[in-house]
Each structure stands twice: as C-alpha cells, then as structure tokens.
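To start, the structure itself, in structure tokens.
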Amino acid sequence: MSESVITTSGLTKRFGRVVAVDHVDLDVPTGVRFGLLGPNGSGKTTLVRMLLGLVHATSGSATVLGEPVPRRAAAVLPQVGALVEGPAAWGHLSGRANLRLLDAAGPGGRRRDRRRRVDEALDRVGLAGIDRRPVKAYSLGMRQRLGIAAALLRAPRLLLLDEPTNGLDPRGIHEMRDLLVALNATGTTVVLSSHLLTEVEALCTRVGIMDAGRLVLADDLASLRAPTGRIRVRTPAPDAALALLDGRVEVRDHDLLTVRGDDPAELNALLVGAGVPVTAIDRERRSLEDVVLDVTGSGNDRFEGQARR
Amino acid sequence: MITTELVLMLRRRRVWLCWALLCLLPTVVAVLLATTRLAPPPGRGGAFLSAVLSDGQLFPAAALALVLPVFLPITVAIVSGDAIAGEASAGTLRYLLVRPVGRLRLLLAKLVSVAAFTLLAVVLVTVTSYVVGVLAFGFGPDAELGGSGITSLSGATLTPLQLAGRTAGTVGYLALCMLTLGAVGIFFSTLTDSPLAAALGVLAVVVTSAALQPLDAAEAVRTFLPTQHWLAWIDLFRDPPLLDAVRTGVEVQLGWILVAFGAAWANFTTKDVTS
Amino acid sequence: MVAGGRRSLSRRALLVGAGAAALVAAGTVPWPAGATGAPDPAALRARIRASAAQPYTGFAEASGRLGLPDLPQLGQAIALFTGTTRIRVFHAGPQRWRVDELTAAGERDIYHLDGVESSWDFGSQRLTRIVGTTSVRLPRAADLLPPDLARRILAAAPDDPVEALPDRRVAGRAAAGIRVTPADPDTTVAHVDVWADATSGLPLRVEITGRADPGRPVLTSELTSVDLTAPADDVLVPTVPPGATAAEVPAADLAGALRVLGPSAPPGELAGRGRLPRFPDLPGIGVYGTGLGGFVLVPVTGRIAAQAVDGAAAAGGVPVTVPTGRAVAVSTPLLSVVIRAGGRRGALLVGTVSPAVLARAVTELAGAAR
C-alpha cells in the first residue's frame, strides 16, 4: 500500500469552455483529516466527483487507495464512503429501508449481516431510534445524518465528505466532529470539503485550498499556523509599554500591541520588570482566514496571467 | 442490484396507480356494455368488443385491445422515463454509482424492472378483465351444455386450454412490445435529468410511429415502426394460429430493444454524472 | 483512463450505430435468390398454368393502388384493389380449399369443398352455405392470391410474348420470373411479372404494372410464406360455433336479374373488338377483346346508371358525348370505366383498355340503341 490515499497529477476537467478543475496535483497522506477549502464554484465538488469516478477527467490522472480511477473504480469504491453534494435517498422509503437497499445494491458483505451493518451505521450518526416514516418526512438534519450513515455503511478506509455538516445544528456539528475524529483515530482517512473556514480549522490536520479550479495550497494546518515572529500583548498601560519597547512595536490598536520577537516569556519579564502590567500575552499566529485571503488573492492574479497567455 | 430495483419499483405508489388505472378502463367498459348491451357493430370498435357480449371469456382479449393504443404506452413511458432520470433528479444515482454499482449493471437492472412492470401490467389487465368479463357476460351460450370453449376468429371453437395458451402468448407478445418502449425510455432517461422529458420523448416516438404507419410514403420504413406490429397478436386467435406477423413483430421488437439499450449503454457508461 | 472520455463515447456510439444499421440491413436487403434452374420462359408459363393441382398452405399480402371511386354496394370488392389485403390460404386442390381474408378485428373465410362453398364472417357470427353456382360474381380476396391471379392472367393472354426475369427470393424460396408484355396497343397494362417456384410452377408473386405509371406496379400480390404440403383435412371443413347462426342462401341469380331487365343482345363487335363466346347464360353481358386488353359490357337499370353517372361525374369523371343519354368515363391506372345512362336501361363498360376505346364502344352502343 502506498503512503498516500489520494494522488492526482495534472487532473483537469472542462465542461464545454468552462474549466472546472485545472491541473490539480493533490496528495492526501494516509491517516490525515484533510480539509478541502474553497468558495462555492471553485471546483471542490467536481474534484470529489472525479475521485469517485462519477465525472471523467478531460486530462490528467488520479489514484485512490493506490488504484487508478475511474479504471479500477469497481475495486476502489467498496472501501470508500462518500457524501457528494448533499445527501439523497428514495423519499418514499424509510431511512432503514434506504440503507438496506443501498447495501443490497452493491458487492460485498453477507446478507445475514445486513441488519447489523445498517443498525450500526444508524447508531453511529445518532439515528438508532428512527421509525418507519418515509425519508421525505425527515428534517434536513436527519437527512444529513442518514447520508453520513450511508457513507459509513461499509466501514470504509477513506471517507470523502462534501459539506458534511450542512443543515446540522451546532450540537449536531459537534457530534459529527467527534465522530469523524473517532473514526480517524481508528485509521480511517477523512477528506472533507467545505466553504466554512471554522469547520476545517476545528477538525482538519491538513488543508488544501482551491480557487477557480486550481489547488493553490496544500499544507499541514500546524505549519500554516506557525508563529509569525511577533507577539501580541494586551496591557492597560499601552503608552508606557510603547515607550519601553520603542522600535519593536509594529502595530498599536488601543490596548493591544503587536511586538516583534519570538519569546513571550522574555517580553513578559521585561514589561513586568519595568512596572507595565500585562493582562494577556501570546505568540501571534496566522488565522486560516489570513492564509485563505492571501493565497486566493494571488491565485486570482495567476489565473488572469494564464488566461492572457 | 436487480432485487433492489424490483423492491424499489414495487414500493412506489406511482407504479400501483398505473396498474390500477390500466385495470380500471376495461372494467368501466365492461360495466357500460353489460348495462346497455350495446356492442359496437361488427368490424367497428375495438377488436373482439362486438363478440364479448355473447361470451365473457373473450373479454381479456378485448381489454388488451382497449389499453394497447394509449394507456399502456403512457404507463410504460412514465415508468421507463423515470429509470435513470428519476434517480438523477433525486440524487440517488450518484450514491448507487459510488456504492459501487456498475453502470451497465444498473442499466440492466432498470431494463429488468421495466420488463417486470410491463409483464405485470399486461397480466393484471388480463386477469382482472377475465374476472370482470365472466361476471358481466357469463361463460357464453354453451355453458349449460358443459362446454366452455370460445369461438376463434376463424369460427372454430377453442378449448379452454387452447384459450389459455393463446392468451399467454398474447400477454408475452404485448409485454415485449411494451418493453421496446421501455428500452427507448431508458435510453431517453440517460439523456436528460428530467423524468418527464424522457417520458414525453417516448410518447413522441409512439405518436410519430403511429402517424407514419398509414402513410404510403413511409412504406419503406413501415416494417421497422415499433407500433406497426402491435396488433399482430390478434392472429393468435385465429385457427390454426397464424404466427407470421407475430414472428416478424418479435424480431422487430427485439431489434429495437437491442438498439435502444445499446444506445443507452453507449451514452450512459461515459456520461459525467453531475446531478 | 486518461483523456479517453470523448473518444470512447463516439466509439461506443459508432458500435451501436453499426449494429442498428446491420439489423435494418438484415430486414431489408433481399437474400440472394440462389439458382433456380428455371426452364425457358415459355415452358415456365406452361408450368404455371398447369399448377392448379399443386397443394400448398401459406400467407399472402396483396396491395393495390387503383384509386377506384367508391361505388354503391361494391365497397368490399373495391377495397381489394385500393388497399392492402391479408390472405391466408389452405389449398389441397382445385375443389378443396379454404381462403381467409384477415382483417384487424375478424376475418371472412371461404371454404370450397367439392363444389360447395360456405363463407364464415366473424363480425356477424354467421356461417353461410351457398347453394348453386354462378358464372359471374364480384371479385373476392381469393382472386388476389398469386397463384389464382397469375393463372387467370396467363390464361387470358396465352399468346402474348414472355421474357425471363432475374430470379428472386420469395417466401424463402428461389423463384424464377417471367414478364408478359401485352401486344395490344390499347391496353392499360404495361406488363405483368410473375415469379413462380421453379419446380412446381406455383406462382409466388405477381406484379401488374400499368402504362400510366410504368415505374411502379399498381397491383402487387405475394405469398410471404408458403408450404408446399397439403393442409390437414380438419382446417378445410367449416364448423358452426356455438352462438353463431348457420344459413343457406342460393347463389345470386344473376341470369334471372338480368332477364328482368330485358336487355338487348350485346352487339357482335364493339370498338373493333369481337365478342367472345362467354357467359351465354347471362343475357345482355358481353365480353370483348382478347388478351390483356379487353372489356365487359354489363346492362344495368336506368336508375342505377343515372346514380352512377352522377356519382362518377362528381368524383371527377370525364363526360363522354354520346348520341343519346349521358355518359361518364372514369380512368384509373389499370381499369377504365364508362357508364351510360338514358331511358329505362343503362350500360356499364369496364376493362383494361384505354378510356378512348370504351368511349368509342359506348358511342356505338348509344347509336345502336337509338
């Protein structure tokens, strides 16, 4: 087995004259929680669909779990759980019947274990107690949970989830996050796409950012959020601190100062030693938002540059 | 996948509604005929309708002739147009494909479920109209003599066994004719995400074919029109049964099914599923 | 699977298109005829004329496009020449046969058993036994069967020149063809093509082409399937099903009906054609001309003639100037009709000759009647 669960090289999809995915070289290592960030229409969903063999690439190639897709999709997909562009179910049947039919539709798994598999999946997403109501009577949140249950049905090695927390209330989002972290801890690689920064920031260990069809950045969240070499200090006496640290202060915003330096302990000792009270002090880190704004801005420039070529 | 498809079809209310409507039309006709005793004059009106009054056992044949031109094609168009387009517009198509269900396998399962629908539709019409016919018109003039055979078109009497065999042949033949529309519907269903558009496409094929049929200018293509052979089953009720037209009909229908299903396969296996 | 989407789509589409084309071709392209080892045309003509005893069962389709106007009480006979007729035949011999005319909602059958004819009509649920015989009757489906049609035509034109046609496959058999081209300059028939089973001489396909449209036959009749074995005896015997009625009717007494009319004897010659010695028992009826250019004179009552003249004129008939009374000519691709009305009696002239010949004949008739 290779180190990566997903690799793509030069993956491109054109719909007519529109380039939905543009030369994407993606690499998702085994065991990570990967967040694919990007505004609506940036090509996330098309990329996910290509990885699942639903959409055929115009050029480039992709492998999932070490096998090329879509050529070997039949061998790969049984080990992949997916939620693509919202959940879907046969509205005239109950949630349980939906999962049973879906389980029966594809290969693998013994028939006598079907009931147990379905019950387990429903239990994991908090739908253990659902009744015989048809799915069309479900709330948006219940449908979302059902969709995730369907993805979990086959105990997949890879989960590909497109906007998984859509329609869930805050409590549901929290439960889902715990569930995904728990699954990840048992070895499942989780790839989720979202346009919500906070969701990705709270859950993922690695981030890819898409803009206008291009993958403009892919890096570990930890290194994206590495210290910037500045320290943020909050003090009730900013003028005194300013006088003391003359030259090292880069930004002053009322009682919040941004100071060059790597060691907050040293700065704290310096300020306290000089009688300047400190109410809060910490290394400055870039927020994911900063990163996104930064790279998508330059991404737009590059896109224009390429269009002219 | 085939089991899944059959379960899905049998649990759809729309399917049962179609069957109920198909059985309703002959029942209404039977009730009207039985109360007024006004049969259409010989040679006019639907096939067998004038002979039904004297023997209710002929009513299944008359009922099939009644639902064949419009009702059956409409229900088959609705059900087959829904095949792929319905799953696409509900979003379940993408989940079936990533389950994974092979695309050819999915098409085959859809074809089998449409075949099951048409066969059951024709069988249900036959069975209900037999019951209704016997209730409304009785077993015919010689019932008290112990014989219950019916008169073939050629005048010879058919034994109940012969009648059952020929009715079974008719059921199979009509189901095959309707499966042609089903295969065309599945093809149209792969072209669009709208089940309604696919169903209307099937009806457009039926109407075009029926419009070309009587045209002298269309003589060269007449044999290949799907509706051309729909009435060939009437030859099964002659004595001895005449199989020429039925055989040609079966060949043409099988050809259509093959081509339409092939076209569906060619289109669907390489299609981008973006629904 | 890189960059293959579009290309493999078109490859699959091509495959399906080729399959469809192959299926259509299998349904349209004729099979090679195969060698028939046919005799020369004259011998084949003789063999065809002698083929009446050949037993066979089969299914035939005849289609005509004569464009005859609708005449009162002749609807069924006219439909034979203006539409497509499906016919099933069980032929054990000239005196033992059954012919079914198949319609969408029933059938009309004629059983001929040793001189006794019965007819079954499903629509009216009636089996009718016809007592007696008549020398003239209206055309019926049985007359359109290729064997009957071909033998009748060849008997009418025994001396017209024949030539060989290329073999073709009819009803799954290799059939040898001959073409009869009438020598008569005034006939409406351009030629008659007959294909027959070479060994038995049983005609399998007949095409009649008119001079008006030499490109396309006006009447085609073909056995689409045939089996040269005798039919089982039970299919040849009519039965009265329960609930149906059985009736006996005497054969139409044409002679009596004609005698009531009191027609004058037909002239010995009309439009330069001599009268044939046929139907001596039917007063007033005359058959003129030999070969494929001939016509029949039928006397009718003045009332019916007047009606027919009005009807034919309204349907686009061409008026013919006659010394007394009125006359109208109707021409179709094969048959010409002239009707004369005037006084107590009228006349109907029908034949496969140009309308001008009939117009001449009716003028002579009107002159004689004066």
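Each chain carries a letter (A, B and C) given by its place in the written order, and its residues are counted from 1.
Convention: a residue touches a chain if its C-beta (ideal position, glycine included) is under 8 Å from a C-beta of that chain, and two chains touch if they have at least 3 such contacts.
Keep in mind that what you see is a predicted model, and the values were worked out from it rather than measured.
Chain B has the C-alpha centroid lying closest to the overall centroid of all protein C-alpha atoms shown.
Taking B-C and A-B together, the pair of chains sharing more C-beta contacts is B-C.
Rounded to whole angstrom units, the spacing between the C-alpha centres of chain A and chain C is 83.
Computed centre separation for the pair chain B/chain C is 37 angstrom, with centres defined by C-alpha atoms. Chain B has its Cα centroid 51 Å from the Cα centroid of chain A.
In chain B, the positions touching at least two other chains are 270, 272. Residue numbers of chain A whose C-beta contacts span two or more other chains: 56. Multi-chain contact residues of chain C (touching two or more other chains) are listed as 5. Touching chain B in their complex are the following residues of chain C: 5, 8-9, 12-13, 15-16, 19-20, 23-24, 27-28, 59, 65, 88, 100, 102-107, 109, 120-125, 127, 224-225, 235, 238-244. Residue ranges of chain B in contact with chain A, taken from their complex: 1, 3-4, 7-8, 11-13, 90-92, 94-102, 270, 272-274. Every residue of chain A that touches chain B in the complex is listed here, in rising order: 15, 46, 49, 52-56, 73-74, 77-78, 80, 82, 84-93, 97, 101-102, 104-107, 150. Interface of chain B with chain C (complex): residues 41-48, 50-51, 54-55, 140-142, 145, 147, 149, 151, 153-157, 216, 223-224, 231, 234-235, 238-240, 242, 244, 251-252, 255, 258-259, 262-263, 265-267, 269-270, 272.
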